[in-house]
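In what follows, chain A forms one complex with chain B and a second complex with chain C.
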Partner chain A sequence: MSKTITAKKRLLAFLLLGWVLLIFSDRVGELTQYRGAFVATYALAIASIILLTGYSGQLSLGHSALMAVGAYAGALTINNLKLHPIIGLFAAALVAGVFGLVFGYAAARLSGPYLAGTTLALAISLPTIANQFPILGGEQGLLFDVGAPPARLGEEFSQYQWFFWISSLSALIMIWLLANLLNSRYGREFRALRDNPIAAQLAGINTGLQKAMAFGLSAGIAGLSGGLLVMLISGVSPSAFPLSLSFLLLAGAVITGVYGLGGVMIGGVILVAIPEIAESVAIALGGSEGFTISLPDFIVGSLVILTVLFTPYGIGGTLHKKKHNKH
Partner chain B sequence: MNQFITAVLTSLSTGAIYALMSISLVLVWRSTRVINFAQAAQAVLTTYIGYEVITRSGSFWLGLIVAVIAGGIIGAGIDRLFMRQIFKRASSGPIAMIAPVVATTALLGVIYSLIGFIWGISYKTIEAPVSTNGLSIFGSVVAFSPFNLLVIITVTLSMIVLTILFQKTNIGLALRASAHAPEISRLSGVKVDAVRTLGWAIAGGAGSLAGMLYIPGSYLYPNSMAVLLVFGFIAAVIGGLDSLFGAVAGAMVLGFAINFSASYISYKLVFPTAFVILILVLLIKPNGIFSSSKGRRD
Partner chain C sequence: MIRNTRTKRLSIVSAAVIAAALTFSTLPAQAADPGVTASEIKLGYSGPLTGSAGLVYGKLPGGMKAYFDHINANGGVYGRKINLIIKDDKYLPTLAATQTTNLVLRDNVFALVGALGTPTHTKAYVSASLAKKNVPDLFVNTGFSGFANKSKYPTAFMVLPSYAMEAKIIAKFIKDTPALAPQASFLIAQDDEFGVDGINGFKLGGHTFSAAPTLYPQNGLSAALAEGALTKLSAVPGKPILILFGTTDTTATILKAAEKLDLVSKFTWLAGSVGGDANTLLALGVKPATINGALAASFFPDAKDLTDPYVSEFAKIYAKYNKGVSFDNTVLQGMNSAMLTVQALRAAGKNLTRAGVMKAIESKGASFASAGLVPLNYSATSRVGYNGYWFGQLNEKGELKPYGGKLAIFTTDSSSTEVPTASTYVRKSIPKNGVPTNS
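Up next, the complex of A and B:
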C-alpha cells in the first residue's frame, strides 16, 4: 500500500465522518448536541496527550494549565482585541503552542518523573498566578462568547448546534492534521526518540529540539481544546482548569490507549459519560454528598489502574497490536 | 528586625514540614525509581485516621502516633500489593515508562475518593496541642506560634531518629546499599525486596507526620495536601532527588525563599517563587544543588 493512498483514504474518512456528524447534529436534541461538543473537545485534548506521551514519550500532568493558557489567550483576543471568535480560537492554539514550546525547551532535558513533577507544579501554580493579574479577571475570570450562529444557517439552528459544529470541526481538522503529521517524517522521528533516544541521536535527530517541538505542538492542541472548553461554559476562570482536569485527560488517554489516535473519540465519550453514569448510580444508591461527588474520580481512577494492569495498550491498543502482527 | 526574626522562624517551621514530605518522596524514589504522587493522598488518609483518634481520645499525640504507624502500614501495603503488580504487568513498551506515574496518580484519585466516601468533603479541623496563635515578642504579636516551635522540635527529633537509623544500624546500611546498588546488594545477601518495602513504610510514616503537623492551623479535606506534595517535590528536586540530606536542605531553601518573598514583598509570590526556583534548578543544575554524587537523569 503506497503512502499517498492511505493519506487520501484518511482524508476521505475524515470528510465522511465530518459529514455524518453534521447530519447527526440536525437529528438530535440540544442536550445531545451539547454533550457531543464536550466529547469533541475532550477527544481533541486526549489527542494532544497521546501525541506527547504515546509518540514522543513525555508525560505531562500540566495539560490543564496549557488549556488554561489557550483559553485566556482566546478570551483576551476576543474581548480586548475585538477580533472574530474563530480568530480567538486560533490565538488560543498559537499562544498555548508558543508557551508550550518555551516550556518544552526548558523541560526537554527532563525525563519521566522530573517532567511529570514539573508539569504538576505548573498545573497547581498557574491558576493561582492567573488570579493575580487584573487583566485576567481574577477569580471570576473572563467572558468567552463565540456569538450566535450566523443567520444564514436558519432560524432552527440553535446555539448548542453551533457549539457542536465549531468543536467537532475543530477537533476533526486538528486530528486529521495530526494524523498526517504522525505518519510523516516527524512522526517517525518522535517514535524513534521514544523507543531509543540514543539510536535516534546517532541517526542525527536533534533530541532536545524534537522533544520541545512535540511539547509545543501538544500544548497548541491543548490550548485549542481549552478555548473550546471555555466556549462551551461561556467563560474562562482559574477554577475551570483544576489539576483534576489534567488527571482526567491523562486517564482518558491511558484508557483509550496511548499508541494511536484511533480511539480518541471513545475516550471523549468515556470522559463525558462517566460523571453522568456516576450521578445516576449515586442517586440510585442514595449515597451522601461526599459519595456523589467522589464517585466519578473513583471510577476514573479504578479504570486507569485496571487498564494499566490488564490491558496496558488501552482500548485502541488491541487493534494496534493486531496491525503490528500483520506486518 | 522583628519581621526578620519572624520570617526566619516561620521559614524553619514550614521548611521542616516540606522536609518530611520531601524525605518521603526521596525514600520511595531511591528504592523504586518512582515519584509517589499518591503520597499526598496517603498523608491525607492517615491524617483523617489521626483526626478520628484525636476526636475519640482527645489526645493529639496519640493521634499522631497512630497516624504515623498507619502511614507506614499503608505505604508498605501499596508497595507490596499495588506497585509490584504494576511493574510486573506493565514492563515493556512505552507504557512501561509512564505506567508508574500513571498508576500513582490514579491511586491518588482513588484514595481521595475513598476519603470522600468515608468522611465526606466538608472541612475538618484538628486542634493543636499548643496554641497556634502568634507569640508576642516585645509587646508585638508575630506570625510565629508555639505550635510552629513544636513542629520544629518534632521534625528535628524525627530527623535525628532517621539519621541514626540510616547511619548507625544494619537496616540503615541495607537501605542505603540497596538504593545505591541493588544488584550488588542482592548478591551480598541483602533482601532487596523487603528493604524496598521498608523504604515505602518509612516514607509513608514520614508523609503522615508531615500531614499531622501541616493540618492544625489549616483545614483537613480530601485535597488538602496537593500543595504540600508539590513543595515536597520541589524540595526533593533542589536536593537532587537521591539524597536525604539534600531533601532536608532543599526544603529549607524552599521554606526560606517562600516565606521571605511572602513577608517582604507579597504573599502572592508564594507559588511564583517556588515555581521559578524549580525551573532554575532544573535548567542550571538538574542534578540538584546538594547532590554529592553524579545525579541520574532516568
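Up next, the complex of A and C:
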C-alpha cells in the first residue's frame, strides 16, 4: 500500500516539476533555455552513471563512448532512414542499450579496476573507429537536426525553447522511469549485487545477467543523453565525445551523490555552470592564459575532493539525509 | 466624492502620459542590431587557442585584436571602437557550439569574425542560429567550399581559397613542371571535409595518384603510422611527390618521421597552404634542412618577406600591440581578416546594421584592399573570397620563395573541370598607416 502511494507521489512530483519547467521556459531568455537544455542532458547522463555505479556497483570510465553510440544511431535513423527526429532519439536509447547489454554481458566477469580499464579502452577506441566508416561521416561527422519547432507553438517559440522542451521532457520521463525501477525488485537486486555479490547469488539472483542488464539500461540512458547532446550542437562527430567528457560526467555523479537520483539536476547545473564561473573568476582575477584554461578542471577537481571529504554521499545524498532526519 | 473622482481622473491621465512616454521613448527611429552602440562595435571569435590545433592557429585572434587595437587608436570605425571577444573552443564541436551561442546570446556580438575550423564551425553555425538571427559570419578561416553555399550559410563569407581550388592548382603545377610531371605522386590527407574537398579538387583537375590517398582523422596521425606510410612509399622508384593535405602539426609529424627514417631526400615534399607554415614547422622541431626545398602553395606574401608593404606594415602594428609574440603567417592571416572586417564595417556606412554589412561586402568586397596576391570574389551571388594560389619553395630559414624565381599566380573555381588560368591580378596598395578610409 505504502509503495503505491510513493509511486503516485513520485508521479505527481514529476508532473509538478514538468509544469514548473514549462512555465520557466516561457519566462526566461534563449540563452537560459539553451543552458537549461544542457543541464537536462547532463542530468540524464549523470543518472545513467548513478544507476551503473551507485546501484549496481560497476564502474564505467567509458560513458562518453556509450553516448557516442546513441548519438550516431540517432543521426543515422534521422538522416538515412528518414524517420522522425523523436524516433531518432528513441533509436539512440535503444541501440546504445543493446550495445551496452552485449558489452555488459561480455564484461560481466570483470569488476573494479578491470572493468574500469575495459570501459576506458572503449572510450578511447570507439570514436576512432567511427572515423573508419564513411557512413559515419569521418571526422566531420553527421548532421543531427531535429528541425524547427512546430508552427502551432507560435512565432515567438524559439529553437532553444524547443531544445529545452525535448531535453527536459526526455530527462523527466527517463529519470521517472528509472526512479520507479530502482524502487522495484530490480533496484533491490542491483543494490544486493553491489553490496555483496556472493550473498546476492545465494539469494538466487543471476548476478551476470543482472550486471549486464544494469549496464544495458545505463547505456540506453547514456545513449539518449548522447542523442540530446548532439541535437544541441546540431551534429555528431568523434571529437564531440572526448575522454574528458566521461571524466566530467563521473565527477558530476560524485558531486551529485552516486547513491540516489535526488541531485542529478544539481549535478547538471554544476557541470554547465562551472565553465561560466571559471570564466568570470578568470576575468576578475586576470591571470595568465594557462590559469584561465586550467581553472574549470581545477574547480571540478576541487569540488570532487571537497565532496568526498565533507559530504561523502554527495549533494543529493546529504539533502536526502537531512530531509529524513527531520522526520 | 469630487476629490475621489479628481484623483481617479488624475491617475488615469498620468497613467496614459506615462504609457505614451514609455512607448515613444522605447521606439527608436530604426530598431538597432545587437552589438552596436554609438561608441562600440562588439565582434566575436571562437576558435582553438589550446590543444594541438591551438598550437598552430592560436595566434590568429591575437593578430586580429592587435589590428583592431591599431584601428581603435586611430579613431575606430566612424568613431566606434571595435571590441573583439575571443573564446577558446579547443577545436571541439560541443565547445564551438556553446561558445558561439554564448557570443551571440550572452555577449550580444554584432558579428562573428574569422571563425576557424571546419568540423567545429559547421556545427556552431547551426547551433548559434546565425542564419535565423542574421548574424554576419565574416571571413571564415576555413577552406571548406561549403561555406560559400549561400542557401545553407546565408550570412557566411569565405576568405580562404577552397581546398578544391588548391588541389586543382596543385594538379596543374605538377603537370606543368617538367621535373615533377613524370614522377609518381601520393596524397596523405586529413579525413574530413578538408581532405574530401581536396580529393574532389584533384579529380576535377584530372590528376591521378599512384595509389589511393592515405586518410587519417584530425590529430589521428601518430609518428608510428607516419613512419609506416613512409616506409611503404620508399619502395617506389624515382623521387615520388608526397602531397601533404593536412594541418601543420601533421605535416611536422610526417617530416619528423622522414628525418628519423632518413627519407627526407627520397621524396619531393609538397605541403598544402594549411599545412605548410614554415615557422610553425620549425617551432615544432622539424630541422631547417628538412624543409629546405619543400614546395608549398600560398595566396599570401610570405610573412617573413618584410619587403612586402602589407607584411612590413602589419608586422610593425603587431610589434606595437602584441609585444613579444613572433609574427608569422597565422598572424598575417588574422590581421588581414581584421583589415577586411574594418573595410566591410566602413563600407556599410555610419548607420551600421547586420544586413548593411553583408550587402556592403557583396557590392564592394571585391575591391577591398588586402594582403592577398590573388583577387577576392565577393558579389551578390558569390561568397567566395580568394580564388587562387602561387607556388613557392621553402629555404632553410623558412622563407617561401617563388618557384623558379618568378611569381606565377593561378586562379580557378571549386566545382568545374576548367583548367586553372594564369592571373595578372595586381592588388591594391595598403592604405596609409594600414588604416582603411574606404566608404
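Convention: the second predicted complex is superposed on the first by the 317 of 327 C-alpha atoms of A that agree within 3 Å, B and C clash if a C-alpha of one lies under 4 Å from a C-alpha of the other, contacts with A are read in each partner's own complex, and residues count from 1 in each chain.
Basically, contacts are C-beta pairs under 8 Å (C-beta built on N, C-alpha and C of every residue); 3 or more make two chains touch, one makes a residue touch a chain.
Nothing here was measured: the structure is a model prediction, and the numbers come from that model.
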| item | value |
| --- | --- |
| Chain A residues touched - chain C or chain B, whichever exceeds | B |
| Which superposed partner A:A203 touches (first chain B, second chain C, both, neither) | neither |
| First, second, both or neither for A:G141, with chain B first and chain C second | second |
| Which of chain B and chain C A:L59 touches, first, second, both or neither | first |
| First, second, both or neither for A:L31, with chain B first and chain C second | second |
| Chain B versus chain C as contact partner of A:L16, first or second or both or neither | neither |
| Touched partner set for A:L177, first chain B, second chain C, both or neither | neither |
| Chain B versus chain C as contact partner of A:I233, first or second or both or neither | second |
| First (chain B), second (chain C), both or neither touched by A:T128 | both |
| Which of chain B and chain C A:I293 touches, first, second, both or neither | both |
| Common interface residues of chain A - those touching chain B in one complex and chain C in the other | 128, 289, 293 |
| Of all residues in chain A, those that touch chain C in their complex | 29-31, 34, 38, 128, 131, 138-141, 145, 159-160, 229, 232-235, 237-240, 242, 289, 293 |
| Residues on chain C engaged by chain A in the complex (per definition of touch) | 49-50, 88, 91-94, 96-98, 101-102, 105-106, 118-119, 122-124, 126-127, 129, 132, 190-193, 196, 215, 217-218, 220 |
| Of chain A, residues touching chain B in the complex | 53-54, 57, 59, 61, 106-107, 109-114, 116-118, 120-122, 124-125, 128-129, 132, 194-195, 243-244, 247, 250-251, 254, 258-259, 287-291, 293-295, 297-298, 300-302, 304-305, 308-310, 312-313 |
| Interface residues, chain B side, partner chain A - complex | 29, 33-35, 37, 85-86, 89-90, 93-95, 97-99, 101-103, 105-110, 112-122, 222, 226-227, 229-230, 233-234, 237, 241, 268, 271-272, 274-275, 278-279, 282-283, 286, 297-298 |
